[in-house]
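Scrolling down, you'll hit the structures one after another.
In the two complexes that follow, chain A is the common piece, with chain B as its partner first and chain C second.
And now, the complex of A and B:
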């Protein structure tokens, strides 16, 4: 093998570093209009009046798109996974977060489009907003989400909690020498791609639409656009594949559908490029996670059980949050084997920007919580942090929280390798440890029932 | 008032492919009359290098030079379906699709060459753009000649198509979370040590170094892997210390609206980064690859938090770990408020942050 494993230069590297790569913003089309969005100025408010008459009548304005122009206003991005949609493409009678789009204007210039947005008349009836997920369960909390209430309630049809149960958590707590609890709260983070959300939509002479897209997922976005527009996939051609940074923030299809609607309505090509402020203040970002961990441990450093509560702040609408929480639940033991588990996870809605995917989705905050907690437990036990981690490290045929046997876990090897790279002396026993299936001292009674039959990656 | 040094450790694991799988990718390949290879894939390159890696897989699998491969992911009319570039799936899942398509192309090249050379295809091999007889390398013909013969002598088009789908895993018991099959394509592992300096007067934390060991299955292109790992390390540093969309949470005011008011790491914060790449080939990935893109920002925040504890003896568990939070924690320690509640076997940290301190609507505890 010569090509695989070789340090070959990037296929597209020269274009990227010399500024010659064509990104969506570089697309120029004759007769192209420019779009701007009217966005909610409130965190939570009823829209009591929306009048676009004056804006539509302005010179240079070619289309004003509102909820009334969308063939299918609510389409769930996870509808294929059985999770209902809850987010309107454009707000109709209620805004749930500051920055939520209400209308898109296509005009000869961006300045005209922005002036027209300012000329759209909106009357709001402002309502109390909720930002702290810990208060979402209260009976007197404002109701955030029309479809699900204040937390998602349709896991596998009718559960309002994502659960993991394994072994006997009560027995583990009873048997523990030490019970260590901690609370970990990770924040919302913006993906900060250099290329903001941008789209050029072109109505073609044959009636098709060409959409120059910055999406991370062309076929997924094709499906989203075609669902909202109620078109077969043959009527839309997505052009893209070269993205100026995404980090998860360009899976939402944030600009394609509305730009396409503006192109359809005006009959002209339309470009919509978000400003940096819009990217920072209105695009979907990494969601906050509130995590409480209680570990039952023995004085010689075995983790017997873990009880965990996770509350994921979805923001105002669901988007991919249920997926993120489920993934989170599957990995809540981290790189360790813990035989007795009791996990409850909730997707809670707040009046913040709907959160979405970002690098490490569902797990980045979780890894943070698990590893600070592991360090605390080791310190409480007076145990070396390597020894504590290596002892509990997952091994071949240990089973995951979902009862899938690990096929090739490398926790032991990466720790040994890191120790070597940082000059940490591991004792003989730790240096000799391998990933191989547990036996002898590494197979205490409480882990016997934990061993699976293999074949699970 | 002084600057204190500390070290902290973290270990992480991360799945390749969408959680619960069920995320297909497809690709097809055609060969030009001069043997040059055109790959059509729907995988967006978001800077992760999937154009490069998928082209490498095709060149390796067919047996032609890398620069013979042209890669087109430009539109949905010509490229087949790919679920997308997320979930660390582009190398593993989409890479398997182009691998399968390339294998078909290779078989068709061998079939045409077999007729041209009058030798059984099983006795032929393809490498470096030439088909040769195993054990008799002198007897050979170029892939360009094979493609020319296919086009102008045999009236054939050399193509291949491939699709990869790890079948969807269902939760068969929503009360326990039990699944019916593996919910991931593979799992990658990493460990990280952070070395920090903490100023106990300003609360400022400086990361001096990050040392990281990654098992990524197979490094398809070590330069790109290191790029992912270095970039992820810096992103993890931003998550650990700097970035917050709602800095005054639980209010939603005073949000950073640009690069000057929302601080991502710059060269000024860049620590020394040292990486160890380990190759533990996966059973199902192309050439043993696993995903690396996402997990690379997961270990640093905890390693940094643990290093801060090592340096100044305080735990900060609300992120990012801003100077304000460090100073507040140091104040609490000085005033004797930082110890966990210890009662019998129970050691309870952070009770003031727990949902129990905010509501009685959700009961929670051991």
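And now, the complex of A and C:
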């Protein structure tokens, strides 16, 4: 046991403090071109004309990449998992969020590339945009997503909703002493890595591509690049591992595919580094979540049941949102055991930046909602919020919404540590509580049937 | 234009209004100053100009003609790290590392100017720097340790002053 408990220095520490760590922007290749993107200035518009002739003819411009250059234009980040693709790599005849890329120019300098972008002629027919997920279900709402409509509609069993049904929610509501409801809405958050999205793609003499990537998900990005470019994976070498901050924002393959296309088309190495403004306005962020919770509780502080409706604002395209919502549904009881559940969740599209991972995808905003709601329920009951939480805290062999038996739930210890760290005195009974399987007073009738057995994973 | 960069005399060919950041990175191939925002907001491009921390992204190279410019490459090498560099390793103050070079440069100026180990003063001196990974605590601890005159062993790391974990009953400490 040389490692466990030891204070080990970071293997990359010396490189980081001496300026020798090579980030993608630090890669130097002879003859490297610089790229800039033309992005939509509208939230929702038809493209009626796209003319790159003047831009392509400019001195110093080596390639202008548009939708016509992409071997497989539409591919989904979850296509590999059987979820249909819905997002074109470059907009063809419709832009669905402000900042959506329409063309990429590779030129001798980034200034020339930007000037060429400005010289691309685009005519738009602006359309009404939708920004509020709650309006996406209205009959007269603009249709946002060509593939799915206004909400994702291809869950298992041909459902248009992610559902969880467990126990008997109606019986729980009938048996409740008190029903507490709340609506919680979290906002979008940009991950703000200090290193913006960046890629260097190099066409090698043997025809293969080398891609220096800032991705957080190397093999995933390899798959996305090879799918759009219709190349076997043996033709693409991805070089990564040094990420100047990601926080989920570099799980999407944001820059690799287009940079690779520009390198292919120009026959020269190309670097594409997003500006800070692009990073803030056009890179995938944590999406907003609209969450409605209705809890059936008893006067002595047990949560008998939870009814929940979640509407996830995916932005204009699906990307990982279906995964995020599914994870959200599995976690919708938080750190607490609730035996009777009725969960409906929707992935709804709006004319905003497609959303993606950020530190606990699908769960972080949910935890906020659950904990604020727990505080409210305890207050309504006139009960100590620690006692309310500890009573309902997950124990060994309690089961999650998706019926996994918890082998090592840490809720009890976390709450006890939290109380100790903040100077809250817990009563003897709460201090003595452990994660061990429920019994005695901690195993009321309503929790008996939900107990599972370990090894559910 | 002439610059002395990390003790080496360099002649600069870039146009006079080119940013010092671009000159360092693209003309002189010194890549430790980072283009985090290129608008003076993040601090990742910070270098020392005649000993003072400056945003190289907002500094036109003609404005520092004849100056002495120091980047983190000029503060120490892997074989001979400066005390601030050692402290950043020892205290886990570098995570993704993208902001680290600018912070080390600014911290070097702070400590070199006789800055104390007061974390409020350190925080003020480093206020122009964003770090998205560490939550700043380890950075403040590293700089305070240098100001206190601590010694560092880069083969191990320091115990954090904030390591006040509650021992869980039954778990080994």
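As a working rule, the second predicted complex is superposed on the first by the 455 of 457 C-alpha atoms of A that agree within 3 Å, B and C clash if a C-alpha of one lies under 4 Å from a C-alpha of the other, contacts with A are read in each partner's own complex, and residues count from 1 in each chain.
The working rule: a contact is a pair of C-beta atoms (placed from the backbone, for glycine too) under 8 Å apart; a residue touches a chain by one contact, two chains touch by 3 or more.
All values reported here derive from a predicted model rather than from experimental measurement.
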Query raised in the report: Counting only touches as set out at the top, which of chain B and chain C does A:409 meet: first, second, both, neither?
Result: first
Report task. Give one of first, second, both or neither to describe whether A:28 is in contact with chain B, with chain C, with both, or with none. Result -> second
Query raised in the report: Of the two partner chains, chain B (first) and chain C (second), which one does A:255 touch, if any: first, second, both, or neither?
Result: neither
Requested in this report: Please indicate which partner A:245 is in contact with in the superposed arrangement: first for chain B, second for chain C, both, or neither.
Outcome: both
Query raised in the report: Which holds for A:18: it touches chain B only (first), chain C only (second), both, or neither?
Result: second
Requested in this report: Based on the superposed arrangement, let me know which partner A:356 touches: chain B (first), chain C (second), both, or neither?
Outcome: neither
Report task. Classify the contacts of A:266 with the two partner chains as first (chain B alone), second (chain C alone), both, or neither. Result -> neither
Report task. Scan A:66 for contacts with chain B and chain C and give back first, second, both or neither. Result -> neither
**Report entry** Between chain B and chain C, more extensive residue contact with chain A
**Finding:** B
Query raised in the report: Given the touch rule stated above, what does A:52 touch, chain B (first), chain C (second), both, or neither?
Result: neither
**Report entry** Footprint overlap on chain A, where chain B in one structure and chain C in the other make contact
**Finding:** 6-10, 12, 192, 243-247, 276, 413, 417, 421
Query raised in the report: Which of the residues in chain C come into contact with chain A in the complex?
Result: 29-32, 34-39, 41-42, 44, 71-73, 76-78, 81, 85, 88-90, 92, 94, 96-101, 104, 130-133, 154-159, 164-166, 168-170
Requested in this report: Please give the residue numbers of chain A that touch chain C in the complex, ascending.
Outcome: 6-10, 12-23, 25-26, 28, 191-196, 243-247, 273, 275-276, 413, 416-417, 420-421, 434
